[in-house]
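Right after this note come the structures.
Each of the next two complexes has chain A plus one other chain: chain B in the first, chain C in the second.
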Partner chain A sequence: MMAVAVAPPQADAAEAAAAPPPAPARRRGWLLTLPAVVVLGFLLVAPFLVFTVYAFLKGGFYQVTGTFTLSNFTSAVGSELTRRLTLNALEIGLVTAALSLALGVPLAYAIRYRAGRLEYPLLGLVVFSMFTSYLVRIYAWRVILGNDGLLTQLLHRVGLAPRDGSLLFSKPAVVAALVHIFVPYVALVAYAAFRNIPGDFFDLAADLGAGRVQRWRRVVLPLVAPAAASGFLYTFVLAASDYVTPQFLGGTNGNMVGLQISQQFTQFGNYPLGAATSIIVLLLFMFAYAVVTGLLRVLGLSSVVIKG
Partner chain B sequence: MSALGLLRSGRRAPGLYLAVVLAFLYLPIAVVVLFSFNSSNTLNLPIKGFSLRWYEAVLTDPTYTSALRNSLIVGVACAIVTTVLGTLAAFGLTRVPPRLRAGLAVLFFAPITLPGLFLGLSLLAWFAKLDIELSLWTVAAAHVVYTFPYFLLVARSVLDRIDPQYDELAADLGASSLRRFTRVTLPMTWPVLVAGGMLSFVLSFDEFFITFFVIGPQSTVPLVIYSAMRRAIDPSINAFATLLLLVTFLSGVVIAVLARAGRAARKGVKAS
Partner chain C sequence: MAEMPMSAPGLTRRGLLRRGGLLTALAVTAPTLLAACGDGGKPATAPAVGDKVGGALNFLSWEGYDLTGSKTMKAWQSAKNVKVNPTYISTSDDILAKIKSGSSVGYDLITYYQAYGPLYAQKPLEIIEPLDLAHIPNAAQLFPFFREGDAAAKFWNIGGKQVGIPMFWSATTLDYRTDRTAQPESWMDLLKPEFKGKIGWVPDATAAFTLGGRILGFDVPNYTPDQFKQIVDLLRRFRGQIKGFAPSFGDLTNQMVSGEVVASFAGWSTVGLWAQDKGAKVESIIPKEGTYTSCDAWAVPTTTQNRDTTYAWINQALSPEVQAESAVALGTAVTSPEAVKLLPAKQQKLYPYDNLEEFFTRAPVFGFPDKGRSGIVQHEQWLSEWSNIQGGA
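Now for the complex of A and B:
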């Protein structure tokens, strides 16, 4: 069903020329998308533009004046607390994304190629674990890592308990909960990529004389790298912008900039400062995106075309 | 990546690896379910005894029941609007020139790439600017933006593969566009559209990151859990969370069955 073929571009062009969609249907197509365009314009594009403009306006307690200023950006960059919380968020995001990748990609590989008849039931188990509420998972980790939590008791019994008595309120606690949330996402994205590689690809490569390392480098990696990269970026961005997990598991050391931004809006009512901090964080995310896609291109891993 | 090495090292290693990771994914959930039946109000092992008292507490507490009702209202409203907008857009996308399609895709999938924190905050600023009072309806509107791309992902995977010849054939036979939609396209695609709508409902039901900023004085299910978590260790959260698990698991099963039925229906039509 999932035939793998690297289609030459001419084939698509010929196909399109042979069967052009009927003209009346083509003309009406954009009309069908219009309601969604209007709704997203009103509830996504316009709000985000206002948000961006706010970052350049003078702000006070729950009020914004029309005076242009860059002081929101300078005070965000100048604040040592903001800098520390931003670095914390980036660090937690990177560690979470790396661990999710390290656990999720082999999970997808094992389900796709090593599970045999259990492939679909196991895939179902991974998908179903995603249907657990985000907050319930954070709560569960609080129970497990709490002072008389399961893991803490277990560590006490083997004499490995931390000196201050608690596993809660630290960076590792935040990372554990976030990895738990994002492993299934990464595994699913990687599984979708592995689906395009039939098992006999490996045998074929072996027949052609490729060693174990070469098979991974030349066959598996190019096919799974783009998916792994998008799973990595998705996890990094969502983990680094989390403002709920640090509230319950982070404490002072595991606090993140997302929480500070949300408090600038809801507690201090300083929309412009919050918006400016947000834009700095979003620019850092875009930088991470550019680095990862650039890295793929340099390594020659981004140009594989697969038609499913 | 040492885990990959482990996978290749022997026949039993993949099985062991699968077991460990799945245990990691399910153990925290199992802990919540286990403690929801605990008769004592501490969260220590071993469990003192079996009891349904936390379920009784949750189901008779108006805080929880009204949150459930609010989440149902928001989820259903969001699912209906998303399904209508998403169905139109998904069909529209297959009928526009490639260049316009690429542009529309950037807009339509933007909500997936923008984290909930920023989506919620920009909506908060927007609603404040327009003097729109925050309520369950502002939550539902925000959820439409959030669930729309996920609906499109589900719907498009099927719509892209439908042979346009059926539609053209019906048009040649003189069927109006509404009749073609209800008699030709809908019978081939409805299970997938319903699955997309249910996915929107489930996503909305559990949404916290955006909801927190755009909700008024009312409360939804995730917000009730949030405020209960902020107070103290409250064992009734376990029971409430277990009930939620049940709801979302069952929805997941229905979505999977419908998505499969959608693929089967499409194949059947193609074969005949």
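Now for the complex of A and C:
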């Protein structure tokens, strides 16, 4: 049997610090990262800096002046509409991320450890499901949740159909579509984590007397937690910032702040206000990230590596 | 009472409006943009035009307006060795931004929503040049409405100089399922309780405030603050009737076909055509309060480097065959009587081509609020207030 040990990452990091790679290898490493650094620098960092400057300038419709102001931030924070749409976004993002995690991790576990020879075909199906266009999947939900949709008809038969006859144009409709879109991503991230955990690890735990629940709580969870947290945050950020799905499925109450930001740029021409709102949302996302990673650290799940 | 069976303004109509909304914003801020971009083009008179047709034609407008849906145009381009290099815009401000950006591309051809004519043609922007109609003989074949009269003088023949030639137009309509509801007589009928949650609406600030003013009988688009408030209140009531805004007219069509909605506010007659093609019984009408028309026109920007070819291309685009084929492809109406004869029957019936003058009294073309005029609400306030209405604040 393969020898397996779980070591805290700090030990690994300390090792790495003690034995840095030789200079030529470091140079090669820098060279390899150079294209990405250049691309990100020009396409992400530079525009973001411009964006940040815009947020502090006085603006109007398709005009930006050189006058410094904080009014864009005070307007965004003071707007009841922006606050409501932001809360909507955070709520939908969190619910979507939680449901995607609840569905994606067990799916990955089943594929990795329970599917046997079907492991790779099933994995292929998960990947294949992502080949479908984003809009096609949204429209599929329009069909499912619409007046004559499968689910609506089913609910009709059991007397649970909504009073206005349709499940469309609501927050749950947005969440359903987003979960459908993000479950494969979470499943793949979790699967990648499970790939590093040998199957007999669980047998070992069982031999040592761990029951089913204990195995999940004390073995599976710690090992998959970092990947699951990544999947959660990834899903949360993308779902909360989505502005396409809410347009198609959200109705008048299911809109999110992303749509408002996009309108500031494309419809109302108020770049500074759009930039300021974006920065506020970005800060909220960063806060959410800090909370989740902090929580993992408190729970002792921040990172675990397998050495074999 | 509503009648006016319409049906076809296509992709474009919304385009026109949506574009209008964005364009409007530009109109409001043109001076600032100008200041940032430097002086505009020069020509006060139409530049000389020759007959060296061929080569690249740099096109800057909406997808579809490059007339790829017309086989006659394709054949002409092939015969004349003309290659259209399209740059598609996603918002109307792309036109001004790209032309003023000092891009290495010398754009030869654009279109503009009527309200932008004065902005583009006059100082300080002056980004489009006067046209020499002697080199665009098909322009003389257009319906009189598009060549002469108040609307033409305001939007296409500005200050006595022809700067745009109308090509695509359509009217905002009330579309409804004939098998699900009786024909509405008034836009206000859509506020009845039975329509709650059954109204479709594609959000567009300019469209909403223009139509709102029409419904209340105001002097569109120059509203007093009190009138503006009344329009805002009215639009909020219409918003209360919908479950969600449709992101596009294609989506609105799907919602009407599925029965998710049974009527539209600020709709588009092409929705009726598209829905009928999908087997749904949808008619597009103009309610008793009237509506308005949107129209896009060809224009030659001052950046052109292939003027001869651009003129020839516009002339060919205005030919009856190309107009008719494009109208079918895009769902828009045509601007020449000869083109009407070439339209399929159902598209001919969309508009009363035999009496357009009367039609345009019920569905006029409008500009933006008079810039700088005191006592009226400016377009930027339309946009600002629309943000709140759409968001539900």
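In the analysis below, the second predicted complex is superposed on the first by the 265 of 308 C-alpha atoms of A that agree within 3 Å, B and C clash if a C-alpha of one lies under 4 Å from a C-alpha of the other, contacts with A are read in each partner's own complex, and residues count from 1 in each chain.
Criterion: contacts are C-beta pairs under 8 Å (C-beta built on N, C-alpha and C of every residue); 3 or more make two chains touch, one makes a residue touch a chain.
Everything numeric in this text was worked out from a predicted model, so none of it was measured.
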Clash or fit, chain B versus chain C on superposed chain A: clash
Between chain B and chain C, more extensive residue contact with chain A: B
Touched partner set for A:Leu107, first chain B, second chain C, both or neither: first
Partner chain(s) touched by A:Ser71 [first = chain B, second = chain C, both, neither]: neither
First, second, both or neither for A:Arg212, with chain B first and chain C second: first
First, second, both or neither for A:Phe169, with chain B first and chain C second: second
Which of chain B and chain C A:Gln63 touches, first, second, both or neither: second
First, second, both or neither for A:Val127, with chain B first and chain C second: first
Which superposed partner A:Val37 touches (first chain B, second chain C, both, neither): first
Which superposed partner A:Glu80 touches (first chain B, second chain C, both, neither): second
First, second, both or neither for A:Gly251, with chain B first and chain C second: second
Stretch in clash, chain B with chain C, out of 80-88, 224-232 or 260-268: 224-232
Touching both chain C and chain B, counted on chain A across the two superposed complexes: 142, 146, 148, 247-248, 266
Residue ranges of chain B touching chain A (in the complex, touch as defined): 1, 3-4, 6-8, 14-15, 17-18, 21-22, 24-29, 31-32, 35, 42-45, 84-86, 88-89, 91-97, 100, 104, 107-108, 110-111, 113-119, 121-126, 128-129, 141-142, 144-145, 148, 164, 167-168, 171, 177, 202, 206, 208-209, 212-213, 222, 225-226, 229-230, 233, 237, 241, 244-245, 248-249, 251-252, 256
Complex contact set, residues of chain A against chain B: 21-22, 24-26, 28-37, 39-40, 43-48, 50-51, 54, 102-103, 105-107, 109-111, 114-115, 122, 124-129, 131-144, 146, 148-150, 153, 180, 183-184, 212, 216, 237-238, 241-244, 247-248, 258, 261-262, 265-266, 271, 274-275, 278, 282
For the chain A and chain C complex, residues of the former touching the latter: 60-63, 79-81, 84-85, 142, 146-148, 164, 166, 168-169, 247-255, 260, 263-264, 266-269
Chain A-touching residues of chain C, taken from the complex the two chains share: 21-22, 25-26, 28-29, 32-33, 36, 90-91, 93, 197, 205, 239, 242-245, 247, 251, 254, 258-260, 380, 383-384, 386-388, 390-393
